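Right, one structure below, let's go through it.
The first chain written gets the first letter, and so on, giving A, B, C and D; residue counts start at 1 in each chain.
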């Protein structure tokens, strides 16, 4: 791993919510981060599917860390705001969140996030995020 | 409790994510729902504050149940989309999410959500949600 | 008018889109700005109602100028992003946009916007905005 | 032109705001619509660049018509909500809005929009939209 990847992994490991949910950081490249979450009954909403809050948590972290991969040295990231569309019920064995940087300025980064419900035979887009991430002094 | 309140409480109790996070349904009135979440290290982001995903989870549920309090008989709710601004770091002992219905149509309800960080001596607005909830056959 | 009000009026008068649409700045107070737009066939969408783009234009300006009323001296504002829900068809004689500041930091302001369709006998909420405004050196 | 393209062109021609702004429908394919707007002083904000409201108007129409290209026969579209990030100042000779359908259900379509500032030698992404469009009886 290079330095930004190590920094992102260390930060991810310190996000206790990620381990509480059971999320794993599976890929970090320049401008793109992937996080995987297995289905669990303990994260369900009233119909037994994954709660929008759990789906949002992993794609928020994916977008934030994608922005961090592009941040100037000595800066950390915080989420200013995001918007998420939920296009299909979150039914699946695994949920893959992919955060991608669309633009980076001095203060703000705009990121695009996608979440896929994955089973042995299918991979369906279930949620779309558009997020604004702020660079702050670390 | 009247019938809609009972129905909302039963649905909340079946959202396993809410008990995993430690969230409590503390108020249900016509068009407004309040959910409380105590601070826990297990829900933190990298700076030790509450993760945006945990904050979003409770205000999403608060908005969804506010919409359900206005839903026609025989309908349930699902979140179509939401947007959240995070205005201050989520530092506090308790987090209070308040979901309010702004308009209700045949198919869609638009809700406004606020999250407050609460300590013994202060109550600060830390997050704002604007959400679109869809009515679906139960 | 005090100094911030004069500054906001001068900036509004230099927004050529506002005069192209026929919008008027009708109220500026600390943290709240109101803009009025009369219905015009020339601003319609395919059903003859006001186009979402015209409605968005006035509430974006109302939110931006509400933020400017709270900006530090020497700073101007630009819109980083906004989200708008359209709750009812934009049918009416007049449209009143009200922008209100919800929080102000060093760099960012979060604003809430409402648009009302107004006739002689009614005033209906038709659109809700949640916006993030950035302070930039003037 | 096939039938959906004719229908979209006819609807675009009836959106009076589009001709007031000077916007042109330049491409309609299945699931993607492109609209072009030339820079005009009459559409400016206070710094002389294109106003966010003008940019939003064309990308809202591009997303709505992209959704209409996928709508069931006999249905029209209305915008339920959208979110737009403005990533760079809207400086350019031409502005190209591209609306693309990301998913289509029975009632709702989720669309992604991009706006580019175009000059003789450059094409820069300046705005991103994520929109929810509702199908309604025509």
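Just so we're on the same page, a residue touches a chain if its C-beta (ideal position, glycine included) is under 8 Å from a C-beta of that chain, and two chains touch if they have at least 3 such contacts.
It should be emphasised that the depicted structure is a prediction, and the values quoted were computed from it without experimental measurement.
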item: If a chain touches chain A and chain B alike, it appears here; value: C, D
item: C-alpha-based rotation, chain B on chain D, 0 to 180 degrees, nearest 5; value: 180
item: Remotest chain, chain B as reference, centres from CA atoms; value: D
item: Computed distance of Cα centres, chain C from chain A, in Å; value: 33
item: Gap in Å, rounded to a whole number, between the CA centres of chain C and chain B; value: 28
item: Junction residues of chain B, two or more chains touched; value: 80-81, 83, 85, 110, 132
item: Residues on chain A engaged by chain C in the complex (per definition of touch); value: 80-81, 83, 107-108, 110, 132, 134
item: Touching residues on chain B, where the partner in the complex is chain C; value: 83, 85, 87-88, 102-103, 105, 110, 112, 125, 128, 130, 132
item: Residues on chain C engaged by chain D in the complex (per definition of touch); value: 11-12, 14-17, 20-21, 41-46, 51-54, 56-58, 60-61, 76, 78-86, 89
